[in-house]
Amino acid sequence: MNQHLLYSLAAVLVLGLIGYAGGSGMPYLFGVIIPYAAMVLFFAGFAMRMLGWVKSPVPFRIPTTCGQQQSFSWIQHSKYDNPSNKRDVLVRMLLEIFLFRSLFRNTKNEIREGKVVYNLEIWLWLFGLIFHYSFLVVLVRHLRFFLEPIPALLKVVEMLDGILQIGLPGILLSGFLLLGAALFLFARRILIPQVRYISLTADYFPVLLIASIAGTGILMRYVAKVDIFTVKQMTMSLATFSPVVPEGIGGLFYAHFFLVCVLFAYFPFSKLMHSGGIFLSPTRNMANNSRAVRHINPWNPKLKFVTYADYEDEFREKMIEAGLPVEKKE
Amino acid sequence: MSDKLKVLAGLLVLAVLITLPFWLNAGKSGAAPEIVIAEAAKKAGNCVESKEWMAANHMALLDQWRDVVVREGKHIYVSESGQEFNMSLSSGENSCLGCHTSTAEFCDSCHDYTGVGTLYCWECHIDPSKENK
Amino acid sequence: MVDIPNADELIQIDRTPGKESWMDVPPDLSEGRFCYPAKPKTLEYLGLPNARVWSPSDEDWQLPPDWQKIVHEGFKERLDKYRSLKVFMDICVRCGACADKCHYYIGSGDPKNMPVLRAELLRSIYRNDFTMAGKILGRIAGARKLTPQVIKEWFSYFYQCTECRRCSVYCPYGIDTAEITMMARELLNLLGLNINWIKDPVANCSRTGNHLGIQPQNMVEIIDFFCDDIEEITGVRPNPTFNRKGAEVLFITPSGDAFADPGTYTYMGYLMLFEAIGLDYTISTYASEGGNFGLFTSSDMMKKINAKMYHEAERLGVKWILGGECGHMWRVINQYMDTMNGPTGPKMEIPKSPITGTVFKNAASTKMVHIAEFTADLIRNGKLNLKPGRNDHLKVTYHDSCNPARAMGMLDEPRYVLQNVCNNFYEMPENTIREQTFCCGSGSGLNTEEIMELRMRGGLPRANAVKHVHDKYGVNMLSCVCAIDRAVLPPLMDYWVPGVSVTGLHELVGNALVLDGEHERETNLRFEPLENAEGADE
């Protein structure tokens, strides 16, 4: 098995076991100190990365233009794929962030009987979208552990998430969609030879980590149930900065909780920062108007180039002979 | 607005989102409701299974009871410890609500607190504690 | 020169990656797999470091003694100067959407030609030098030490990228491999690792004003030749002026069009168009290059070469600049010129077509208009007398050049012109045109003979799309708005789709255009007889 995959599997397994054991051995460390530390690390790390990126300037206006430029009134301008003002850039960014516009263009090609053929490749886009949105719903749903009273809106989210009313406790779709999409993303990483070839530990680890978080969550809700009344007492104590660690919460909860902490702490130092980075991608967040409005490069160097005078000095005789006008006659 | 300011504004939004529970809970006690054990339950001394197990698994047990009663016509549940119980949620003294006489105090307070979704027991069953009022 | 396998063999491409980690696979630097390095004399002229005689096939590349430090410092400097580089180093999730979007990957099956892996060649060093995880965990974190083999790999693969930006269209974060390749080439340049096919034009351009090293008197002669030919074909002689002060418009086009077929016919088309509308324009022998191979070297070199345009416009006192058909030239003009060398002098004005009165607001600051925009506007306003029937023997398709498509978005203007100057126009499949267009396979300074196999591989997806319309509609003419295309597509067509010729947009314009007082044409601009074409649409 490839070492990147092996390291990732081992890391997630060991981390899960640490959480499982830590909950009974050192509940205050795993229930209070690590969660707070993880959140601080998450925010501080995220801020550090974003500020680190903006510290470097954007010297040139380099949008990737994915449609017709703004031209004559009689040529249809592709406003959102080739925006020429800030408002249309905003729309382009919203389409990227909420609908993964660029990934939606994805195709798959192969060479068949001497022809390069292009097939629709919607799965990465679709499962990517499911992955991110179900993660969002799961995250929002979990606010019920940190709010008292629970806002009506959250109850609506949960009601919609459980709309199928299967089983008791009722199945919440988002958790299963999250697990399913994470497993899809993991599976394509190991099954597609090219994707396997480019995959690093940093690719397997987060997807396995998230799958394990979803998995332990599902286990707790449907199989090895925990007393969530006690869990909420604990999470509420964290949310109100008056931490207490009640007795009797199972190891599975701590495994889940610790993996979540690991995810938050790891987030800013990983590729997961694409969430912040996409806002700063110069090929997407700039208008293609550099012919109409001058873009400023803060470090634009002054450079010596071959001027016309230098040129004329070198070729003057030949220029005169060819009948070309010159600045200096001799 | 410079990019740095935009990022700082974005980070502020992120900070607010992360600490959202703190802000939304501000000024509220957030305390867990007190679990009220009704007199009848205290008198009975124990539930069908251990208190801890019941806290985590009662919904699964009720689900299982429903199927056994409705589909197989059986009415007797034998607990881990060998004690026999009448499988019934709400009919008479010999049922769940026979001991836990107030659904508002016993069921709803926890369910509301943990936000585990609305009980749909009462779509079929009669809640005697509310019926009497 | 190494022989190339025939087309049927070459298209048997295996995309299965090897078992070994890519970090351990050495690059293939056998003859035919690399571009020849720049000559010491060229580097000395340009003031670039480490001039020496060497070959990529050598074991020892004679790197400067502190080469690792140079790369590290150079990398750091660029991370501080370019947010694009910094962000693109950090946020790739290796989803693989870009993998089969690269023409070199499609044509070679070499996994390091997947854009994601091309970028990883640089990222692995970035992680090692600039990230905590990389420093501590090494390979587990995807980092590796900078060794001579890494440098060789960079040289091999960053000169197998044509900076076409197709991958960046599909990337969910807009990661642009062109940006990464540009940075990598800058780093390689710091070590004196460059290719002759780029450095020679750069040196020429500095000295003579154009890539091909055409001296002023020769430039005048060449264009005089074109005028002779036009006079012979049409009976009307255009009278271009050179270095003339007070002209309204300065015309700048790639020197390649003055030098070799079929670009020369495009140049003739320009001259005929200007004659037909009586444009008050001049051609500079000093700013005689539209292209800019500096773009393929470093931002400094790009700036120096580009500086001549505004410098000359200012000296001549023109109101605005009209730019000819060229791909990367328009990347520079659209995305770099005004930033680097602007703002323009006080004498320049927002471009306004003297014929139609149209104001080109989208070029308000650069003051430079693309000739396809200019001509489209003329046609739209009915200012050209055209006989598209003269092009009836042609079945034309259109190749969007990478840069006008993905770094500008000039897609419909040339199509509008085409549809007015010829009657048989067919689009290639939609995955291969407009913003999804495929590179000719030889862009960004890779149009050199010694890597012909690589070029044929890189051009495969483009050629294959042409073949599709050739087989389906009988397309026999591939039109384009790029001088490099005009130089490299003919051999590509001969190899993959024999029977298809290549033309610039304005050659077709020149053929369809009716000049005042012209006599009946017997041939087109290529001196090929016109069979009944003359009366076709009368």
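Per-chain numbering from 1; labels A, B and C assigned in written order.
Criterion: contacts are C-beta pairs under 8 Å (C-beta built on N, C-alpha and C of every residue); 3 or more make two chains touch, one makes a residue touch a chain.
Values in this document were obtained by computation on a predicted structure and should not be read as measured data.
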| item | value |
| --- | --- |
| Chain ID, smallest distance between chain and overall C-alpha centroids | A |
| Chain separated most widely from chain A, comparing mean CA positions | B |
| Rounded Å distance between chain A and chain C, as computed from the means of their C-alpha atoms | 33 |
| Inter-chain centre distance, chain A versus chain B - centres from mean C-alpha coordinates, in Å | 37 |
| Between chain B and chain C, centroid-to-centroid distance (C-alpha), Å | 69 |
| Multi-chain contact sites of chain C, meaning residues that touch two or more partners | none |
| Multi-partner residues of chain A (each touching 2 or more other chains) | 53-55, 58, 280 |
| Complex contact set, residues of chain B against chain A | 3-4, 7-8, 10-11, 14-15, 18, 20-22, 24-25, 28-32, 52, 55-57, 59-60, 62-63, 110, 112-118 |
| Chain B-facing residues of chain A, complex | 39, 42-43, 46-47, 50-51, 53-55, 58, 143-144, 146-151, 154-155, 158-159, 162, 167-170, 225-233, 236, 239-241, 248, 276, 279-280 |
| Chain A contact footprint on chain C (complex, rising order) | 8, 11, 13, 15-18, 22, 79-88, 90-97, 99-100, 106, 111, 114, 116-117, 120, 132-133, 140-142, 165, 168-176, 179, 206-209, 215-217, 220-221, 242-245, 285-286, 299-300, 303-305, 307-308, 311-312, 315, 333-336, 338-340, 342-343, 358, 361-366, 368, 373, 376-377, 380, 405-413, 416, 429, 431, 434-436, 460-461, 464-465, 467-468 |
| Sites on chain A touched by chain C in the complex | 3-4, 7, 49, 52-62, 64-72, 74-76, 78, 81-82, 84, 96, 100, 102-103, 105-109, 111, 114-116, 118, 124, 128, 192-203, 269, 271, 273-274, 277-278, 280-284, 288-297, 299-301, 303-308, 311-312, 314-315, 318-319, 321-325 |
